[in-house]
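I've put the structures underneath this note.
What follows is chain A paired twice: with chain B in the first complex and chain C in the second.
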Partner chain A sequence: MSGLAAGIRLAEEGAAVVVSANGAGSLQLAPGTIDLLGYASGLVADPIHEITMLAERDPGHPYAQIGAENVAAAARWLSARIADGPLSPYRYVGKAEENMLLPTALGVPRPSSLVPETMAAGDLRSASRIAVVGFRGMKDFHPSLIADNLTRASGDGVAARSLQIDPPTDLSREPGTLNLARMLDRPGTAAAVAARLAPVVHEGELIALPAVLSTADPHGAWETLQRLTGCPVCEIPTLPPSVPGLRLFNTLRTLLAQAGGRLITGARVVGVRGGPEHVDLVRVQVSGGERSYGCRWVVLATGGVASGGLELDSNWQMRETALGLHVAGLPEPGAPRFSSRYLDAHPIGRAGIAVDRDLRPLDQDGRRRWENVLVAGAALAGAEPWREKSGEGIALSSGYRAAELILEADRHVAGTPAASTVAETVA
Partner chain B sequence: MSTTDPDHHHDVLGDLIRGSLDHCVKCTICEQYCPVSNVTPLFPGPKYAGPQSERFRAGGESVDQSVDYCSGCGICTQVCPQGVHIAEINARARARMKEAQGVPLRDRIITRPEVLGRLGTPLAPLANASLRNRPLRVVAERLLGVHRDAPVPAFAGRTFRSWANRHLSGTPTSERVVFFYGCGTNYYEPRLGEMTVAVLEHNGFAVDMPAQGCCGLPLQSSGLFDDARRYVRRLAHSLAPSVRAGAQIVAVSTSCSLMLKREAIEILGLSDDAELRLVSGRVRDICEFLVDLHDEGRLRTDFQPVDQRIAYHAPCQQQGHGIGKPALELFGLIPGLQVAEMDARCCGIAGTYGLKREKYEIAMAVGEPLFRQIRDAAPGLVACDSETCRWQIEKASGLRSVHPVQLLHRAYGLGEEVEGSTVLGGW
Partner chain C sequence: MQTAKAVTRLEADVLVIGGGATGAGVAWDASLRGYQTILVDRSDLSQGTSGRFHGLLHSGGRYVVKDPQAATECIVENRILRNVAAATIEDTGGLFVTTPADDFSYGDDFLRACADTGVPVSELTTAEALSREPLLNPAIRRAFAVPDAAIDSWKLSRALERGITEHGGRLLTYHEVIAVRRDGDAVTGAVLRDKRTGEEIDVEAGFTINASGAWAGQVSALAGIEDVTIVPGRGIMIAMNHRLVNTVVNRCTMPADGDIIVPIRTVSVIGTTDVHARDPDDLDIAQHEVDQMLDAGEQLVPGLRTARALRVWAGVRPLFRDISRAHVLLDHHERDGVTRFITITGGKLTTFRLMAQEAVDAMCRQLGATKPCRTREETLPGSERGEYYELSARLNTLEQHKNGDPASDALVCECEMIPRHRLEQAMRDRPTANLDDIRRALRLGMGPCQGGFCIYRAAGILHEVGHLDGATANDALVDFLEERWKGTWPILYGDQLRQARLDDWIYQGLLDVEHLPDRTAP
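Coming up: the complex of A and B.
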């Protein structure tokens, strides 16, 4: 996501952009929401306010380099682009200064700032009576588990019950998320689902369905269900494959193409060439050998350990795989790397690329390694996104900020648009 | 054991490909993208047939018939964020299955375009009339298993080779490139070959056209690995002398060039073939080559306006190159040309897959989203880089389908015609 955000922002300002991607990116595994900051010392109500405090408290955190005002600007920018994007009138709702609490597939309230309109009605701060509805035969989505947990976790305010309806699919297909979503792409399917819902839901109840309401026209499917049942409808994110994540990825991919950016898949960045301070060429491994792309700027958005942007070997050495940047925040050899409890903070969890306020990577002595390389996304040191619920927020805002920094620098130099290469493994 | 000892050939790369299955984290991205499993339950999807089933094939045995329904489009490998060689694992598994269970006569015939071309060319009027003849196609379907409606191209009745033998290209001082034209150009679309040569010559190159044969890709995708190896080695042998003399190889078929660049080495286990490796590193797709020239400021841009609205489809195999969509950049240089980029991924044909009786319906269903997009875009013409995809699109959409280079040829003022292929059957 960080690479696509940077690429789109640069391309829409006229820069010649190449986004080189190794694989399709992890957005389609994610729920499709933009979580800026869910937890700091406790549950966060206003992410922007909390990010401001976090930046003072923890100057090594990526948000301290990005700045709260840039996080808010990035969120506004993304909302506007999605609203005018290829799935319009499907849009995102919410704002950076406020967290909603949306139900997860386990029935746990999850703090999110920007969410698809099709999820917003699930905000547990206002929902009271909820019918969690599953499709018979769909795996990994358990309405009774969700309903019980929601009732338990949300105290007296929420009364949730569970229901199962038959899926709108022919029986030769497993009713998985994608198959269901593609069924709902077809005209008439949403109405058929509504007809199954109408007799079993109560007036005024919120209908919570798995997030499968169409890949192509989610607004239409969602609106049809609301109109024909007379009830508010929300989607609950599922386990992968995630339909709202796929929608977001497709939206960004299309926006990049529309802005004139080049997306190159199946190309792994293996290094750069240039002088001591500047990179002139990005080398990529493709079929049949190596190619290189000339550039004025490089945004490294290859992700963390999970996406291969960082690699830890059995000798405790961690390396950044594309450019060989210095990895900061690694525990000393012999010191504990992991905590014994899975969900605790892990000493190795904050390792990554340290950057300055201009997102330039720093070497082991804290000096800028390159002047025209910027780092964005999960490769950044100093955060634990899975504990903070900050992954998409850091990805989006660092990518956006990297683009703004490049555009700013180029405005000072000359009127020519920047030529940039954005390396993205998994967003 | 030495890897260079021919008596103890050890397929190191093959082990790496198989070993890559351990990187699979079951993220399901390949399942989201697989065009085949999305339309038929006969193929359970790349993750299931690939990394998951492969664990049960440890002793080399075949455990699963469904892998035969993989079309080999390679999209799964392209989108995998963990670097699992899913399509390659599947191709090898299919070959083992064919080895154990036998190969149908049909697959031995339709996978040899060179043999078919040699037989069909002198008999073109008769051969084409037969392929156009409905009762004969029905008989051929019964006897051979080639679907009666499948798109088969018309023999040109002359070969590109015979033209090449008479053609003198460039001057002694011109920079030389080698043209790998492929069987499609040689037997079915010789005019495309002439246009490619003209475009290269227009840019100051002298084009060498050494005698050459089939790359073996159709054999490989039907699991006939030994035959495929023989063909690709022979081809590498005919191209190698020019490479040793310093020339680059420019190819007009993106699937055949991908075979040379990567697939033969990875899928057929020919990583130790020095001649193939030499050739592999010097192959460029024609559009890739021309965009590289443009990036170096060497491409002639004396384009005349082409007032036409076209739809562009980048074939799966083209995407396997890891070079983005260079055709789009070339189109951007042609004044007046309006290009609608299709983002549906696959036309379904996958070389010879869609010709097969039991797979024809699947191939058409795979291509349907693309055909729909093309119909919606209502272009005058479709551009696409692979010949079998062009034939499939032409048959399904009824629109002329051309190689991007044909539009460049016209824009350079080298000829007025934009000749499509002639597809027989199913009209």
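Coming up: the complex of A and C.
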């Protein structure tokens, strides 16, 4: 997310952009929503307001370097781009200043800010009667547990029940999320699903399905289901592979290409050239050999531990795997790295690359390591986004902000925004 | 307000306290001799030391120099168990290797002592050893082959359970002993509490055998015998996420910490340390012990630190009076004037059958009975064909038992290849089992992903078929995550940390498990 966001923003302003990626990033593992901030000292109702306060009380948090107004700007920007993007009229709805509460695949109400239109009807703040519907045989979706938890979570304000219908696919193949979504790409499939739903749902009930409502035409599939059942319909994000996450990845990739940026995959950074304060060349290893990219700016968006951008070895040393930047926030030898309880905060969870307000990486003395390298995304130190539900928010806003900083700097320097950048994302 | 407690009364010839390998072995032996037996454990079978060891069926090679009697006992029992419990054993064979840090001439002492104790041994060239185990330290200087093997304690305890019940015995798991009955000098049974229902059960038994291992002192104290001192010898083990070796590998030196790697099922286990703990339930893991095991492992398999460490756990050996690991039989009649009560403790899993035999023989002597032991010859259920367990069997089983319905053939756990119909069968077989029991019975979530997806699936399925209600399913899921965490955070680095972080994104980021409603767990 952070690499593609930075790449699109730069490319649409005329910069020559190369996004060099090892894999496909983590979007396909994620729910596909843009969560800005879900939990701070409690459940967050207004993310932008909460981020403003967070920035003041926790100056080491990435949002403190990015700034609440930039988070809001990034959210508005992405929303607009998706609305005009390749899956249009599929769009994201919601406001940066207001969290919805959407059901998870365990039936927990989870705060989210910007969400696909196909999920928004599931906002539990206004739902009352829900039918959680699963496709028989789909093993990563459990309607009865979801419905049970939704009812109990609401204190009985929500009445949720569960159903199973036959999937619109040949049963000799296991109905996984991608198979189902591709079936729903085909015209007629959504109508077939609606025909199975109509006899078993009640009027005015919210129908909650697993998030498989097509990869190519989610708006069409969703709108067809609503029209033919006469009920509001929402999809619930599932375990990976995440179809809404895949839609978002494909959208961002297309937007990058449409803006003139290039994406290279299967590439791993093996070295940089430059000094003392500027990188001017990045070397990457691809399957055919090594390639070099001359550049004036570098955005490091290689992700955190889950993506391989940060690695901890068996001697408890952590390194940043692309450029070897200093990793901050590691506990001292002998100090605890993890809490003994899984659901607690863990000291090592916040380790990563510390940056200043211009997103430049800092070394162990707190000084800028490079002038023309910016860091965005999950590599940033200072937060445990999976706990506070801020992953996409940090990724999007830091990538957007990195692009804005580069554009601003180039405007000052040369009057033209022609900059070559290399953004690396490692999946 | 107190409700009147319903007390069930049961009678048995023999009450066995402790459902580890020793206790189950005692109940099996006694049942075969015709005694009506009740076996009780405060948890599920093999949840104490037996479920927490490294899986080694000793050839005896480890003890030939330091403890020859133990070595001979091991090789004799090794052969017997291969005969009667073959399906629980993987015939990996064993190697003793002299690393550069070890005394070269110890190998000669080793050869001599093997001959003296009856442990079959042959010296290999280092080239042969390295050809057999390519990841071994290329600098090893000597290598010896012995008949070590890997034994699966869960399979063993299930086989013993079947054997006991087929011969009229009864198991009461999740029952805690809250009092030992005394009638003058005699022990006459025990009072149990069902930990799940709170119900009390009064068992009147003609004889009571205390096989509670590291807890034997606590049980003896309930019988009024205060001076049975068991020192808990705590040791850690680390499972690496694949089989770095396919043979048991030992260092050819006097027994030391971290000098064994055992391939068991899909993993290899490096162990162990020896720290005297105060409490047999203290299973905390110290960071320096982890580092020590990883360093020790590097001596045998260089590069072990770059392999994925899957799980770390501690087991507690029962050490009687802090001396050797030989087993100890306490006839409390001779020792303390208390009749119809004996304690059998110490030892190692390899000699469980022998320990059980000695205990039941001692009981027979006290009772004046002459019933011969049959466990040397009687095959355990499941081992009738006399075939060893092979890892490839899992895939065969999976393919044979496909019932053609994709929904029930669908794999709940890909790492351990467990289809849905096996999960449902396990629920039918054990209607009162919780997710944890089923998980251990099926090994759900014990593979490389450590339950990343399958626990979510299993909780969902159990709830769907009505086996668990919502609050219990939620608790089971969170309890699983917490329990798994205990065994992972001390060895969380490299790819294992990466996997764990992916799971964090799924369980916390996507599912938001932390905010499940009304959890009864804190």
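We adopt the following convention: the second predicted complex is superposed on the first by the 418 of 427 C-alpha atoms of A that agree within 3 Å, B and C clash if a C-alpha of one lies under 4 Å from a C-alpha of the other, contacts with A are read in each partner's own complex, and residues count from 1 in each chain.
Please note the rule applied: contacts are C-beta pairs under 8 Å (C-beta built on N, C-alpha and C of every residue); 3 or more make two chains touch, one makes a residue touch a chain.
Bear in mind the structure is a predicted one, so any value in this text is a computation, not a measurement.
Engineer: For the overlay on chain A, clash or fit between chain B and chain C?
Structural biologist: Fit - chain B and chain C, as placed by superposing on chain A, sit side by side.
Engineer: When the two structures are overlaid on chain A, which partner does A:267 contact: first (chain B), second (chain C), both, or neither?
Structural biologist: A:267 contacts chain B only, not chain C.
Engineer: Let me test your reading of the model: by the given contact rule, A:26 touches which partner, first (chain B), second (chain C), both or neither?
Structural biologist: both
Engineer: Contacts for A:341 in the overlay, against chain B (first) and chain C (second): which applies, first, second, both or neither?
Structural biologist: Once the two structures are laid over each other on A, A:341 reaches chain C alone.
Engineer: For A:144, decide between first (touching chain B), second (touching chain C), both and neither.
Structural biologist: Second partner only, chain C.
Engineer: Identify the partner contact of A:308: answer first if only chain B is touched, second if only chain C is, both if each is, neither if none is.
Structural biologist: Both partners, chain B and chain C.
Engineer: Is A:289 in contact with chain B, with chain C, with both, or with neither (first, second, both, neither)?
Structural biologist: The first partner, chain B, only.
Engineer: When both complexes are superposed, which of chain B and chain C contacts more residues belonging to chain A?
Structural biologist: The partner with more contacted residues on chain A is C.
Engineer: Please indicate which partner A:189 is in contact with in the superposed arrangement: first for chain B, second for chain C, both, or neither.
Structural biologist: neither
Engineer: Contact-wise, after the overlay, does A:246 reach chain B, chain C, both or neither (first, second, both, neither)?
Structural biologist: A:246: touches chain B, not chain C.
Engineer: When the two structures are overlaid on chain A, which partner does A:70 contact: first (chain B), second (chain C), both, or neither?
Structural biologist: Touch status of A:70: no partner.
Engineer: Look across chain B and chain C in the superposition and give the shortest C-alpha distance you find, in Å.
Structural biologist: 6
Engineer: Touching chain B in one complex and chain C in the other: list those residues of chain A.
Structural biologist: 26, 29, 172-173, 240, 308
Engineer: Can you tell me which positions in chain C touch chain A when the two form their complex?
Structural biologist: Residues 294, 305-306, 309, 406-407, 410, 412, 420, 453, 456-457, 459-461, 463-464, 469-471, 473-474, 477-478, 481-482, 484-486, 489, 492-494, 497-498, 501-502, 504-506, 508-518.
Engineer: Going by the contact rule set out above, which residues of chain A touch chain B in the complex?
Structural biologist: Its residues touching chain B are 18, 22-26, 28-29, 172-173, 178, 182, 240-241, 246, 253-254, 257, 262-268, 284-289, 291, 294, 307-308, 425-426.
Engineer: Give the list of chain B residues in touch with chain A in this complex.
Structural biologist: Going by the criterion above, the answer is residues 27-29, 31-33, 38, 41, 77-83, 258, 260-262, 280-281, 283, 295, 319-325, 329, 341, 343.
Engineer: Under the touch definition given earlier, write down the residues of chain A that touch chain C in their complex.
Structural biologist: Residues 26, 29-31, 104-106, 108-110, 136-137, 139-145, 148-149, 152-153, 171-174, 237, 239-240, 304-306, 308, 311-316, 337-338, 340-343, 385-387, 389, 391.
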